[in-house]
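Chain naming follows the written order as A, B, C, D, E and F, and within any one chain the residues start at number 1.
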Amino acid sequence: MKIKVINPNTTQSMTDKIRAAAEAVAAPATSIVAASPSMGPASIEGHYDEAISVLGVLDEVRRGEDDGCAGYVIACFGDPGLLAAREVARGPVVGIAEAAMHAATFVANQFSIVTTLDRTRDIARRLVHEYGMERRCLSIRATDLSVLDLEIPGGTARKMITEECWRAVKEDRAEAIVLGCAGMADLSVDLGRELGIPVVEGVTTAVKLVETLVSLGLQTSKIGGLAFPLPKSYRGAVEGFAPGR
Amino acid sequence: MKIKVINPNTTQSMTDKIRAAAEAVAAPATSIVAASPSMGPASIEGHYDEAISVLGVLDEVRRGEDDGCAGYVIACFGDPGLLAAREVARGPVVGIAEAAMHAATFVANQFSIVTTLDRTRDIARRLVHEYGMERRCLSIRATDLSVLDLEIPGGTARKMITEECWRAVKEDRAEAIVLGCAGMADLSVDLGRELGIPVVEGVTTAVKLVETLVSLGLQTSKIGGLAFPLPKSYRGAVEGFAPGR
Amino acid sequence: MKIKVINPNTTQSMTDKIRAAAEAVAAPATSIVAASPSMGPASIEGHYDEAISVLGVLDEVRRGEDDGCAGYVIACFGDPGLLAAREVARGPVVGIAEAAMHAATFVANQFSIVTTLDRTRDIARRLVHEYGMERRCLSIRATDLSVLDLEIPGGTARKMITEECWRAVKEDRAEAIVLGCAGMADLSVDLGRELGIPVVEGVTTAVKLVETLVSLGLQTSKIGGLAFPLPKSYRGAVEGFAPGR
Amino acid sequence: MKIKVINPNTTQSMTDKIRAAAEAVAAPATSIVAASPSMGPASIEGHYDEAISVLGVLDEVRRGEDDGCAGYVIACFGDPGLLAAREVARGPVVGIAEAAMHAATFVANQFSIVTTLDRTRDIARRLVHEYGMERRCLSIRATDLSVLDLEIPGGTARKMITEECWRAVKEDRAEAIVLGCAGMADLSVDLGRELGIPVVEGVTTAVKLVETLVSLGLQTSKIGGLAFPLPKSYRGAVEGFAPGR
Amino acid sequence: MKIKVINPNTTQSMTDKIRAAAEAVAAPATSIVAASPSMGPASIEGHYDEAISVLGVLDEVRRGEDDGCAGYVIACFGDPGLLAAREVARGPVVGIAEAAMHAATFVANQFSIVTTLDRTRDIARRLVHEYGMERRCLSIRATDLSVLDLEIPGGTARKMITEECWRAVKEDRAEAIVLGCAGMADLSVDLGRELGIPVVEGVTTAVKLVETLVSLGLQTSKIGGLAFPLPKSYRGAVEGFAPGR
Amino acid sequence: MKIKVINPNTTQSMTDKIRAAAEAVAAPATSIVAASPSMGPASIEGHYDEAISVLGVLDEVRRGEDDGCAGYVIACFGDPGLLAAREVARGPVVGIAEAAMHAATFVANQFSIVTTLDRTRDIARRLVHEYGMERRCLSIRATDLSVLDLEIPGGTARKMITEECWRAVKEDRAEAIVLGCAGMADLSVDLGRELGIPVVEGVTTAVKLVETLVSLGLQTSKIGGLAFPLPKSYRGAVEGFAPGR
C-alpha cells in the first residue's frame, strides 16, 4: 500500500527527516510518499501559518487520490486541515498529534506534550480538548525552540528538549512524553532510552495507524460530516480546488 | 469606526444581503465595508469548503488592516479562519456563530440552532463545544436547504426554516433560536415576531459586538496564542500571504 | 433607551463610580439610571451578603419595569439574582461577570480574573463554570482588598490590583484580565494601557451588551425557564414582592 | 440532637407533611423542628419565587443558631439559599435536592427526577450540573402539577406522578426515581413499592444525612468559601439580617 | 440491622481498627460484622492488588447475603468490586471513597484527599472523576507511607499525614480533608481537632450512610445495570462463584 | 513477535473465533497465541461476571510474561482487568473496546456501539466516558442477544445485529459502527460491506494496535500508576498471584 506523508510546511530538510522516520517503521509492503506542498509557509508556528498551510495539504491529498494512495499522514502537530482532508480522501487520514496522543493512552495513564515555541501551546491545548485527552494530558511544555531550530545540525535543540522532558517527568509526574513537532521525528528512540519511559512520536505512529486502518479495510466514512465535498464552483486563485465531479 | 464584514463565500447576492443586514443595525458613526473575497467557494457546506475559504478571509483581513478597519465580522456560521484572523488583526474579530450563541445566552437558558444542510451540523456541533455552549444548545436542526437555496427569490426557504424553528420550540423546548447561516440574515425580525421568542442572527449581532468591543477600547490580545504571525517566508501560490514585516 | 444599572450594595460612592463608568461608554441615545437599592448590605463579599442583596436587586428591576426601562445591568461580580431578574424583566438583563467573561473570549484565548477578598473566589469559580468558561479562565486571583477598600481615595488598592494583574500575566500566562468587582470600574482604561493587554471591566461591557441586545430587538424569552413569575400570594415582610398581576 | 427542617414556602399544610415525613425517619434521639418562615411565597415554582424565599430560609437558620440546632434541612427541591445558609450555620446544612441525588447514586447507576411544573425543570437541571450528576441523571420529567396541587386531598396528583415515574422507567430506563418536590414527601414509600425500584425522597434523606454528619462530628468548614459572613452594616428592610458580631 | 464492613485486604490489625471505628459510630440497633476475606493481598497499593482483592470482597458479600446482612461497606479507598458487589447484594453497598467524597461536599466547597503511596493517586484520581467530584477535589496528596506503615504502633505515620493535611490547607486552600485509606480510620477525630476543618473518614461515613439507606428502605435497584448476575456456569478455581440459583 | 489474545471467558468456540479473526489480520511476523483462562465465567454479561473474569485474565498475562509475549489483547468489550494487566506486563496491553473506539475516531466523527444484552450497556457507557469518547459516541444499542447466542451456528444473531446497525445509521445518524462484543469478530467485514460505512471490530483492531506499539518500541510505562505491582504476600486461594519478585 502507498501511504502519503504530507509535511505541511515547505522546508525540504524537514520533509527528508519525516520520510526517513516514516520509512524506518513502515511495513515491507508499504511504500512511503513523503511530500512537501508546492505552496505554504516555511514552518508552522501559529494559527495563521497553519490556516494557510491547509491549501497545500489539500492539494497533496487531491493529488494522492488521483495517484492511488491508500491513506495519508498529516505531519504537523496541529493536524492542519484534517477534517477537510478526510472529506476529500477515500482512505484514512491521520494527523500526527491525534496519532501520538491516542497511542500514548495505551501505554501510560497520563502524558506531557513537549513542543517548540510557547505560542504553539494554544494549538496543542485545543487538540487535547478536541481529542478527549483532558484527563490524560498533564501539561504542554514549550521550549524556546523555533521549528527550524530543529533543523540545525549540531544545534542545542536535542539538549533543550531532553531537559524539558525531564522536567515533565519530575515536576508534572508524566508517565510518557508526546513529542509536539514533526521536526522531532528523529529524537524519539534516543529520548525513550534516556528517559526510560514511552516517548511517543507522531509521524511514526501515524504511519503505523494508517497501515492498521487500511489493513483492516477501514476507510473514511462517507455518510454525514465527512462525506465528499459537494460539487460547486470556486473562484479566483483557488478555482482549481473546486470539488467538481 | 469602519467595520469590515467578510462573507467567506463568493456569492454576491449573499454579500449584498449581509451588507444590508449589517447596515440596518450599525450605529450612525459606524461605516460597514461588506466584502466577498476574490477567491473562494460559491457556498460553504462542509469542512473542505470552509478550509479553502479561509484564504480569502485572511486576504480580506490583511487588506482591512492596511485600510484602517477597526474590527471584523466573519459572516459564515462556521467562523472560518477566526483564530488566524485574530492573529493578523489589531482590532477585534468576531465570528457570527460565536456572536449569536453568546448573545442567545443573555436572553434564554437554552437555544436551538436551525441551519441548512444536514452535513453542516458537524461544523455547528464543534463550535457549540468550542464555545462552551453544550449546556445551552439543545439541538442543531438541519433543513434540506442548501446555502444557495436561501438566495432564490420567492423560494420555499423561509417556510421550511419557520417550520423547523417551530419544531425546535415544540419538540426540544427551545427558548430561543440561533439562525445557523449568514444567508438567513434577513429573516430574524419576521421569525422573531412569528415565534414570539428571541431569534438571534449572527451577522447583525456580530456587528454590534464589534462596535461594543471597539468602543470599550478592547483589541485582540497580542500576548500568547493570538500574537502577530512571526515573519517568515511562504512559498508558491501563497507567497504573498507571508507575514513579512 | 433607558438602561438601569443596579449596584446591589448600598454604598453610594460605589454607585456613583458605576454611574460614571456607565455613562462614559453609553451611546448618545442611551440614558443611564444608576440605582442603589433602598435595602441591602454595604458590600457583597460572600454567599450570604449576595443572597440578601437579591431582594434589593429585584425591587429595582420591578420598579424599572413600571418605569419603562429597556434593559438592566446587575453591577456586582457575583451576578446576584440574575435569573430571578430575568423572569421579572421584559427586556434583557446582563450581569457584569457574564458580560466581562463573554467579551474577554472575543479578544483573548485565556484570561485571569483579578478580584477582591480570597473568600469571594468561590463565587467567581461557580460563575466560570456556569458560563462555560472553564477552558478560558486560567486563574482567579484574590488581592487582600475588601470591596470598600476600593472606595478609599488615595488608597493602595490600585497598586495592589496592578501587581496582581502582572502576576496573572507572568505566572499564569493570562492573555487578558477580567476585573472581578464593580468597584474597579474606574481602573480598566489605565490598567489596559499599563499592561498592554485587554483589561475587561464588567459594568461598561454590560451596558454596551444591553444596548446591543435592545437594538437587535432581543428581549428575554418568556417561554420556559425565564417566563414571568406565576401570580401567587407572598407573606410577611416580602408580601409586596408577590408577582400578582 | 435538634434538626431544623425549613420549608422555604409558607404553606402550613406542606410544612406539616414535611414534619411528619421527617419525624417518621428521625432517630429516637433526634428532635425535629419543622419551620415555615414568617415571610415568603406560598409555593416555589421558578427562580423569582426561589430568590425571594431565601430571606425566610436565612431568617430561620439564624434563629436556629441561637436556638442550638445541630443541623438544618432546606426542604425545597431547588435547595434555595444553601450556600448562604452554610455560611451562617456552624453545623451541617443539607438541601433536599442534593440529598436525594447523592443518595440515589448509592443504589442505582442512573436515575430520573420527577417534578411538578415544566418551568421548574430549569432549576433541577442546574442542580444536576452543580452536583456533578450529569452522568447519573437520565431525565427531568415534569408533570402538569403545581406545587399546591400536591396539597389537595384526594386529588389526582398521586396518580399523575405515578404515571410519570413509570414513563421514566420505561422510556428513559431509569433505575431509580428522585422525587423533585418536598410536597411529595408522603409518596415515596408507596411509589417504591409499586415501581419496585428505589424512589428517593429528599426530606427524609436529608434528615438522615444531617444526623450522619452530626454524629460524625462533621460541621461546616469555616475556612474559605463558607466562612461566617463578615460583620458589616445592612440597610433598609433587611437591616436586621446584618451579620454584626 | 446487620452491616458487614469488608476490609478487602487480609491484614487483621487493620480489620480490627476498621471494626473499632465502625462500632464507635454505629447506631445502637446496628450490629457491625467486620470481615477480612480468606483470600487476598496483605495490602492494596495499585490496580493489580485491587483487582485480585475483588474476589475476596465478593466472597464476603455472597456470604453476607446468606447471612441476612442489611448492607455492606467496602473498606478500601479504591472501592474495589463496588459495582459487582451491588449486583450481588439486595441491600445497599457503599465504598469508603465514595462515602467520604460525597459527605465532604455537604460541609465544604472543595476538599483535598490525603493518601498513602504516590502510585495509589491514580486510583483516587479515577474515582474523583467517576463520582463527579472534579470540581470539588482540589488535589490528591500522597505521603511516602505504605498502607502497612499505618499499622506500626508508635510510627511516624500520624505525623506525616498531619503535615500533608496542613500542606493541603495552606498550598491548595482545602476547606476539608478526605482521608484516602481505611487504615486512617482512627485518625480523623484528632486530625479534625488539630486542623480545625472537617476531616472526613470513609469507614465511619460509609457505615452511617448504609444505616441511612437501609432505614429509608432504599435497596440496590435490580432494574438495569445492577440487576442480579445471570445464572451461568463458571469454571476452574472460581467455579464456586457461579451465580447459579 | 508473539501477541497473546486473551478471551476472558471460558467458551472455547468463542476463543477459536477470536483466534481466527486475529490470525487473519496479523502481520506475517506475528504469532498469535489465543487463550481461554482455565478459570472464569462462560460469558461476561455484567459487572460481576467481569470482576470474576479478571483473575483468569491476569493469570494469562503472568504466564505470557514468562513466555516472552510482546503484548496482549484483552478480548472482551468491557476491557476487564486492563489496568491491572498493564501493571504486570512489560509490553503493551490493549483492550478491544478501547481499540475499536479509538480507531473509529480516525475514520468517522461519530459512531454508535452495537452490543448484546441491555444490561451490558452500563459497562460500555462507563468505558465511553473513561476513554474520553462522550462526544464521539452517539448511542449504545443493545440487541436481545446473549453473548452465547452469537455462538449458535445458523442462529438469528447476524440478522438482529445487522438490523440494529441500520437503526443506528438511520435514527442516530451514526457514521460508523463499533461492534460491542468479541463474539462479533467474524461479522465486521460482511457488515461493513452491507452498511457501506466503517464497522470497527475490536479484536482485529487491537491486534494491529499491539503490533504498532511493539514495532514502535513503545512499552507500558513503569513510572507512576502502571508500575509493576509491589512485592507482598497474598493469602488463600489467590496466594499464587502474589507479585513476589
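Following the convention adopted for this analysis, a contact is a pair of C-beta atoms (placed from the backbone, for glycine too) under 8 Å apart; a residue touches a chain by one contact, two chains touch by 3 or more.
Just so it is clear, the structure is predicted and the values come from calculations on it, not from any experiment.
Chemist: If we define chain centres by averaging CA atoms, which chain lands farthest from chain F? Would you check?
Modeler: Between chain F and the rest, the longest centre separation is with C.
Chemist: If I average the CA coordinates per chain, which chain comes out farthest from chain A?
Modeler: The chain lying farthest from chain A is D.
Chemist: Find the geometric centre of each of chain C and chain E from their Cα atoms only, then give the gap between the two centres in Å, rounded to an integer.
Modeler: Once rounded, the distance between the two centres reads 44 Å.
Chemist: Mind checking the centre-to-centre distance between chain A and chain D? Centres are C-alpha means, answer in whole Å.
Modeler: 52
Chemist: Roughly how many whole angstrom separate the Cα centroids of chain E and chain F?
Modeler: 29
Chemist: Find every residue in chain E that makes contact with two or more other chains and list them.
Modeler: 86, 109, 118, 122, 135, 173, 224-226
Chemist: Spell out the residues on chain D that touch chain C in their complex, using ranges where they run on.
Modeler: Interface residues on the chain D side: 10, 37-43, 45-52, 54-56, 58, 81, 83-84, 86-88, 118-119, 121-123, 130, 146, 224-227, 229-230, 232-239, 241-243.
Chemist: What residues on chain D touch chain E, complex-wise?
Modeler: So the residues of chain D in touch with chain E come to 25, 27, 92-94, 98, 102-103, 105-110, 131-136, 169, 173, 175-176, 189, 192, 196-198, 200-201, 204-205, 208-209, 211-213, 215-226.
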